[in-house]
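Going in written order, the chains are labelled A, B, C, D, E and F, and every chain counts its residues from 1.
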Amino acid sequence: MKLSVLVNEGPYTHQASDSAYLFTKAALEKGHEIFRVFFYHDGVYNGTRLMVPPQDDRHIQKRWSELAEKHKLDLVVCIAAAQRRGLLDENEAKRQGKDANNIAPGFRISGLGQLIEAGIQAERLVAFGD
Amino acid sequence: MKLSVLVNEGPYTHQASDSAYLFTKAALEKGHEIFRVFFYHDGVYNGTRLMVPPQDDRHIQKRWSELAEKHKLDLVVCIAAAQRRGLLDENEAKRQGKDANNIAPGFRISGLGQLIEAGIQAERLVAFGD
Amino acid sequence: MSEEMQGGIIKKFLYVNRRAPYGTIYALESLEVVLISAAFEQDVSLAFIDDGVYEIVKGQDTKASEMKNFSPTYRALEGYDIEKLYVEKESLAERGLTEADLLVPVKVLSRGEMADLMESNDVVLSF
Amino acid sequence: MSEEMQGGIIKKFLYVNRRAPYGTIYALESLEVVLISAAFEQDVSLAFIDDGVYEIVKGQDTKASEMKNFSPTYRALEGYDIEKLYVEKESLAERGLTEADLLVPVKVLSRGEMADLMESNDVVLSF
Amino acid sequence: MSLLHTINKSPFERNSFDSCVAHAKKGSSILLIEDGVYAATQGTAAARKLEGIMKDVKVYALQPDVNTRGMQSKMLDGVNLVDYGGFVDLVTQHNAVQAWL
Amino acid sequence: MSLLHTINKSPFERNSFDSCVAHAKKGSSILLIEDGVYAATQGTAAARKLEGIMKDVKVYALQPDVNTRGMQSKMLDGVNLVDYGGFVDLVTQHNAVQAWL
């Protein structure tokens, strides 16, 4: 079946991101297709490559990036939510006159329409949040 | 009176950061001393210079930075909470082998001891969070 | 962003609003999703239950909190052809509110009717 | 980080733990603050009320959730001279728990005694 | 139509459990995840509410989250434990998922 | 010793209001901020609880947060409205602040 996943909270602070990751991984292992993982609200923070968690803890960004690479996942960060919170890619940084960007490999920034599309095109949309 | 303020949530997502800012400003206007503002948990995200809120909304990071400059405020971001969440200054970025940093002017990164010190040295510690 | 781009699929989207505005950003950012889904020409309904009913209370004035007053946007929904707004009777009553306190026309449903509504949609999003 | 650096001031710090572990990070990061305040030789007490009592329940096993199991740290508090752990009786009872379910020795207080404790500290932090 | 309701918050801390139970219709299912699993632990008011609806609504709890919280031996009879694969199956077996965030 | 309790959550959504009220001692004060101000609105169960403790505990609400939520005309009698300056004064007038986060 074709599924989409919505992640509404950032890494570590809420378990939502962990739950979404483990759900996505399990769905892929069962042979389902993940149409898209959409990151909204504080969920955008999952996509920063600047995080440095303690050595004995999971690395939430890397885990998503690796899963995306392995399964050609579409990880989309909402642009409006990302701008407000300081998550930028190279283009956005340039456009906004910022001297740095922080997006991680495997994530892309796009509009909220991508969430609606995820709801339309997938047979189920599963949300994780606070 | 000497006061300290603790901010436990990030900008925009929770009102905590707004409440802390308006409280701090009112305390300064009343002639009180702010010993320190400490940013913990998702509060560290207040200190990213990469945020670009909509034009018709408040700019939470700039507001803090300007208040800090005007009143020589000590805005301290917890290092452990910041690393986990991807908030780095130039030194930390270098030390962690990261190619970018995102801390805003007026904020500094330091240890949790600075929170305890804020509790010891100030006559009141006021916390804002989720 | 027309329906043709989505292969002509029109789904029933239900947005369940359960949180007070301002204390958290969910109500504001949820409204942004609602507006976008209208642009996709989907069949959109909004349900206000629990603290979500506070989102559409009249007289919100954010001057002193310096926050963005997004409540006028609910009035603008009609212009986007979003006209199915449902409010739960029990949620209003528990909060000492009546329909007269609300800033937009809504249809008031009982809890049982609200439960029926939730079952009759393709995509249910709660923020 | 000795007490001399703080001008010899010793304050009574109370950490009020009201949240379940894992669903949010507050319990874990709060524990980091507790450990640091011991290094500052402050007078530290921990109160567990409401869902905070779940933080010190035995048998936490995070293998399948891949999260970090930080519950053993509560057992290590004694080594930092943090020995004043208070648990509210009513909070345990509502959750179907007893003292035997807990992984550290605690003093069980009634709600009234817990209220007294809250009033007798210089700095109260709740995460 | 049948809905899968997910609840991820403690029934003591938030009202999402009570609100979900009040809206879950006969034939729908409830999956407790994260801090939501506490609702299905013995000796709580939430567990009594679950017992009251179990004839109409199937109740599941996510085993990894139960174990993480040390609640393995406390689970209410009649609550079905699933792993993440079981979570995925529940999603595909119901017509839509409503997360009580 | 007198404590200033702050509550920032809706009494319908979370248990922080109920827990605070159950722990607030005679002579202490409660300041409602953010979504906490809904607790002091007329016709709610929370307002009835506040009325029950008002002889022992002073109750305040932050006016900017009341106005933000459009609750100006709904406030319970006996609740003292303060602005941010008043919030600061309450902090200095009590021996410590306990935020019910």
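Going forward, contacts are C-beta pairs under 8 Å (C-beta built on N, C-alpha and C of every residue); 3 or more make two chains touch, one makes a residue touch a chain.
Here the structure is a predicted model, which is why all the values come from computation and not from measurement.
Chemist: Show me the overlap between the contact partners of chain B and those of chain C.
Modeler: The shared contacts of chain B and chain C, listed by label, come to A, F.
Chemist: Averaging each chain's C-alpha atoms to get its centre, pick out the one most distant from chain A.
Modeler: F
Chemist: Can you tell me which chain lies farthest from chain E, using the average of the Cα atoms as each chain's centre?
Modeler: B
Chemist: Any idea how many Å lie between the Cα centroids of chain C and chain D?
Modeler: So the centroids are 40 Å from each other.
Chemist: Would you mind pulling out the distance in Å between where the CA atoms of chain B average out and where those of chain D do?
Modeler: 25
Chemist: Return the distance between the CA-based centres of chain A and chain D, expressed in whole Å.
Modeler: That pair's centroid distance is 33 Å.
Chemist: Chain B: which residues touch two or more other chains?
Modeler: 8, 12-13, 15, 22, 41, 54, 57, 80, 125, 127, 129
Chemist: Show the residues in chain C shared as contacts by 2 or more other chains, in ascending order.
Modeler: 22-26, 50, 65, 67, 123, 126-127 - these are the residues of chain C that touch more than one other chain.
Chemist: Multi-chain contacts in chain E: which residues touch at least two other chains?
Modeler: Residues 8, 12-13, 15, 34-35, 64-65, 83, 96-97, 99, 101 of chain E each touch two or more of the other chains.
Chemist: Among all the chains shown, which pairs meet the touch rule set out at the top?
Modeler: Every pair of chains meeting the touch criterion: A-B, A-C, A-D, A-E, B-C, B-D, B-F, C-E, C-F, D-E, D-F, E-F.
Chemist: Could you list, by residue number, the parts of chain F that touch chain C in their complex?
Modeler: Residues 8-10, 12-13, 34-35, 38, 41-45, 47, 63-65, 67-74, 83 of chain F touch chain C in their complex.
Chemist: Sort out for me which residues of chain F touch chain D in the complex.
Modeler: The contact residues of chain F facing chain D are 1-3, 15-16, 19, 22-25, 28, 95-101.
Chemist: Spell out the part of chain C that touches chain E in their complex, as residue ranges.
Modeler: Residues 16, 18, 26, 49-50, 111, 114-116, 118-124, 126-127 of chain C touch chain E in their complex.
Chemist: Once bound in the complex, which stretches of chain B touch chain C?
Modeler: For this pair, the touching residues of chain B are 12-15, 18, 22, 54, 56-58.
Chemist: Residue numbers of chain C touching chain B in their complex, please.
Modeler: Listed in rising order, the residues of chain C that touch chain B are 22-25, 65-68.
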